């Protein structure tokens, strides 16, 4: 089972100019064959289906734990898309049909992420490979991360919205860690030195400006343990020098600190969360009081406490 | 983001006679339109896409927190399917084609769960409704839980394998809590008294023997908080009498204790985790030592420590 | 727009022994590429999309009118499937998973028809060809009816349940009329003598015992006008000798008389229409009275008035 | 079975400036999850699959009858799309690829409607929920109409072509009637007062200018009976005050008068109905004479008799 | 089995201005229902599945041999798409999201063809009709070629890039041959004179400028034998006058001479074939030497030997 | 382009007892994610999309040439399926619905192969990965062959029909060659020693009895050149010792000799090739004569000349 933490794994920028066409392209990183739904679900179901897991515990722990990090990645991609759509769903200012690539962002969603790729095709369970054969599944995972890295690099090239760039900068670094981790696992089981295949695609991550700060913080060599209690055997697999930088790979026994999300403003033109969101806020306030909760909302958001939400809304609608 | 706990939300039975046709039917609860992938992903993406969440915090917390519980449900359905397939993938004893409904359990998987429904159709992102309109999304969720309950009842009727029965017994009770929770949320926002719609389908859960022990433990009236730090405002929505039993609804500020999973035995006939799993265990042991980890695997499984795995395998293959 | 008549286009047999595997095969005639959803939707959308229809009125009338008949065909296929499933969804007697081909008949449906083919794949809009080019659309329609006839013949061969046989016997005759009609339309526009292609597949319908009574009634040469007011120009296309029998083709200026449907009994094991259907009947009776309607239900069904429903239920459950 | 009437349920505007991108967005109302194909097919198959329908006659009549109205809705959406595409498929003036969202409007179709959503994904049978459980199916239908209303409102916001506005204005009013009808049905069966959930989304229809004329005519409170002979028990369910206006709900024992469709001009650039449509008209004229039909086409269209077609074509191509 | 020849069936133009939106439209001819994947795979599987083929040898040979030509057609469509995408994937110059219709050309592919239609929907096996009934399969093939011709004509109208025009000019002529061939086959088996249905759509190919040179070379009346050893009985079916020109149909006992493909330049912005393609060339050179192969690449390309690749790249990036 | 040779790449057994359920399982090797349609289409489109191919000629030649061999593999899988279905489609002896897994073999096909996987899901273009990045595409191909080998091994285990065993025996050996070839290609480009990953899954091919004869003939170490004229640089990549046997890898400069296919008997119960196939044979004979072709069919089949077809039919129907 999981516990949820109401924070993003990394800081993301606030909304700025809306970019619905760019947001449609970023969907590939959410629901594409090599998107984060695929990484999340592949590793999750491989961990569920893992047989004789005690005997192969370090590998079970590795797959299970990376699965947990991937949940945070679908969250980050969604955050980027929602940020890019913010301002495009305000009352009387929906984009013209010819300016969007994915009309369902507005018709089916409320200026919100869809479980689709960049062509509007829904993610589907066929993208999950869980054969039960450990070497094959790990080989698959290494390849999947390679494809994911390729896609992230190209989304980086094609979309220049700050949210897309912040997203791909971070995911390239973290995806790189997973690519290394699975390669190490295959090496441990077969003896093949996959480290020589890095980087693939052959552009080093440190050439990407938005990756820089994360590499400086060592994010490229750390495998976080996303559990307070379990998955203790990661270091049995994740060790040795990083194939690109030579830094020693490192297991961190806790999750990253992360950052609160922005409370993205209502988009009344698409009824998110309502045509008149203030009414919902009033109801919520009343319910909170009835339940003996604090007067102010207890959640922590990036734009808390001092009118940032309103300023943002003004900025966006200006 | 999430943290992962290597335990199931409830105890599940060990493998017994394999039942591949039954396992194919149980897939509906995993990847069907009303299966647990749908509940998990609907609430997850609704929480990601939630706009003006501070103002609507109790509702955001409710959706986000139930999403977290649903991860445990896809885990439980997978556990049931894998349990039912155990013994059907052993060397030289794969089932005859005419005895299976879903051959991919053995050809694509390693006697393992697929991200499909009972007709072998992959789950897809089209099953996610996330409109951003709070009342609509909550109405949807209430309906989705109703459909899920219908499906669980029927799988219960059609499949009598102990793992399927244990699964549906538990999920009917927990799904019922979510059905109530979303109904209460709609009531709070609109004033409509959806409590009168319970039970739907109109068969009370307490008629199901496998639900009994869970109801006795009060599982039908508790909403667990699946977070150590967040989602503090559940009680603002989840309160009042249970529509069927009259018990007071209750928020529990921690996750359920749960139970360890069985370490399901290798199925060498489908190479899960290998044609010769002992070799993998040897490699793992060596890696564990190199990393300074304990000699014995650190993971906790239901059949730990005293040869239960071997006995099970004997029992199954007998 | 349409008006609906609560009658089937032909008489169908009452439920007898359930045949869930056969019902799954019959689904091909509902939701397969060459099934009745395809014929209905192809002609319907071709009629909606028909440009310059005044100038081509006889052809517009033909396509529009046959579309209307096809609604009755999806109704008949559903009736056959539901009849074949009756008795397989009763309380405590759902079929074993290994005895079904399509578990969703019971899990997703209430022993009811699905919008799927015989492999459980949903019908989809890709099966509609509506190019706007009249000759091409009519050529398509001729081919579609040919494929539909092929499928019906094979379902006839493979499934021997009385409902399946009654269904295919009728549909072969009526589909044959449409095949002739579209061939005549192409002939009229191009001069090619498609009559020489009949029968295709090359087995004459009169070899099928279940077709006999319909042919005796001349159903193979009549095109019914499914409108009280419109589509008056059918005879401009539908005329000349029938390619197999030599009978003169004939336009009938009204719909067929048809027959009432059986009121198929409740299947309480799958909650259709409820776990306790008598309660619904009570509510309905009360509502009927409140509205000043007659005490007895006003609908006409094949098994009306004298306890046939109960007898049927007994027969089925015996 | 059905009878067909060659009229639209409401008047639609003639073609004006083509709007292919807007037409692609309107496709969501045709083939989207919450589009009219979904409403039509859900209610149609629920009526086919309805067990013990005599006992539950008022509900059977309600579902069956609304199904019939929905056919008129897919017809209206198609009419709007075709109207918006008119002028974009003329010889030597097809739109540039970068000005369209759905190229298949021109490549697969003849400037005609596709059975797809706004992302070009085909409608599929998975969008049909027909569980056989009456309360659940009605709950579903209420939710489906809620989602449909949400989609219509957003298409209204996003697309300003007169045909799209006329369409959504009408459908919002009529869909509202169905939303109320299903809510009333659930109320009757369970006692829950769903009337309090209106309007959902929470924007009253009378705020939409294009809804005004229909509301003035009382279209928001009338349930038409789309049958000359059957479905007599609608009033047992559809009664009481309208939840938004307080007007008494009303069953009208005949279909609406409706209006003739425009005979949309040929689009020779996409061969609809031909590269040289006049030749088809000549053949049709000859056939009509041979069959003893009147010299002039018998069909009634909005632009009949006085050269309107030609004028329209000139207007469009100007 | 097949042998492969590294030549295109006809000459194609070099890359010029990139046209990503046009390339997305041309995808319909690759992966659409009536695209070349459909023709290739329909005839291929019909030939595999052909029963009693000795007795029906001329028909088996016809279908098998046309299948072989169709491989060359998917190759040509891909060539056109890749040509149109060339220049749009260069480093730092990827197109803006709003200028593309199919972002996956750049995110999933390397400025390369996808197995999709013009809406980004993957081609699927449902587009294959292989009933085994010879008359029906041939009728289908005639219709399929008709639909393919319709699609090609419309892509010709909508996309004016030189590569798209060269492609459709050639395919219209060659597809016309197949349309005639299948019509003749049906005629031979049934006696119906399908020659009267030509041309369909009713625009003669010789009106298309890009078809002219191919017609002059007699490409419209020749059926090439794509085998050195087999399929000797084509002339038993493919004979008689061409339905449009009256020329005598002709079997050519060898494949067309064809032309070498352009070696399309690297697109480094999408890592095709690499971020630094020169490194791959160096490795290849070394491997070639080690294997005792000539110093220069042995392959023949249209832009061989004299720096054309570089010039092209300059031209494109200018 | 391609040339076609009317021979199979290896000898296949004649029809024996029909095995429709087994045939449904074998479909996974045709249309599954890791089936031969996937290998064929991945390499084919990678070759079409290959940029700067002259510089990377040995790799282009490798991918292009293996693509050509894969056509022969889809042909072999189809042959196996059709062989297994033979006898199950004879007049009046179609299998009962409960004895089949894929009813479309008989309803849609004529006891013939479908372009589907073992769950009846159509193969689709999403299974093609063609990124243009050479290292990534080759890594993918190595993984794809690994998955394909896994699937073949399991089909071997699950299906014991002689045709399935002959098929998997051959494909395991030939697929192994491709797995090695792509691994060598990656090694050459990156230096990683993937040879250490063999065999994967870790069961050596020589343990499979049906592989033995092929290994004895050296089929496990030979890469055939499937071109008379091109793809001359295979040896630059395909060289060195075989990772399992140590034998030197070897390029053979011509295709394998192969064997003629059996002329599978008509299945009149499913109209393949007709309800009365003798009539087709008569027409064919007449056409052959008219065209001046030999009296006897010119094609070569395994059961030629001496009544084998009839004997087979007797054997099967006995």
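Here the chain labels run A, B, C, D, E and F in written order, and each chain numbers its own residues starting at 1.
Basically, a contact is a pair of C-beta atoms (placed from the backbone, for glycine too) under 8 Å apart; a residue touches a chain by one contact, two chains touch by 3 or more.
Since we're looking at a predicted model, the values are computed, not measured.
Of all residue numbers that take part in the contact between subunit A and subunit E, under half occur on both sides, making this a different-residue interface.
Measuring from the averaged C-alpha position of subunit C to that of subunit F gives a distance of 40 Å. Distance between subunit D and subunit F, defined via averaged C-alpha coordinates, is recorded as 49 Å. Distance between subunit E and subunit F, defined via averaged C-alpha coordinates, is recorded as 23 Å.
Counting partner chains per residue, subunit A has residues 33, 101, 108, 116, 119-122, 126, 131, 133, 135-136, 150, 201-202, 270-271, 274 touching two or more of them.
All chain pairs that count as touching, in label order, are A-B, A-D, A-E, A-F, B-C, B-D, B-F, C-D, C-E, C-F, D-E, E-F. Within the complex formed with subunit B, the subunit D residues making contact are 33, 121, 126, 129, 131, 133, 135-136, 139-140, 143, 146-147, 150, 186, 190-197, 200-202.
Of all the residues in subunit F, the ones that touch subunit C in their complex are 92, 94-98, 100-104, 106-108, 116, 119-122, 269-271, 274-276, 279. Residues 1-9, 31, 37, 41, 44-45, 48-61, 64-65, 67-69, 71-72, 74-75, 78-79, 82, 108-116, 122-126, 128, 130-136, 188-189, 226-233, 235-237, 239, 255, 258, 263-267, 270-274, 277-278, 280-281, 283-284, 287-288, 290-293, 297-299, 301, 304, 309 of subunit B are the ones touching subunit A in the complex. For subunit C in complex with subunit F, the touching residues are 19, 21-22, 24-25, 28, 32-34, 99, 101, 117-121, 150-151, 153-155, 157-159, 201-203.
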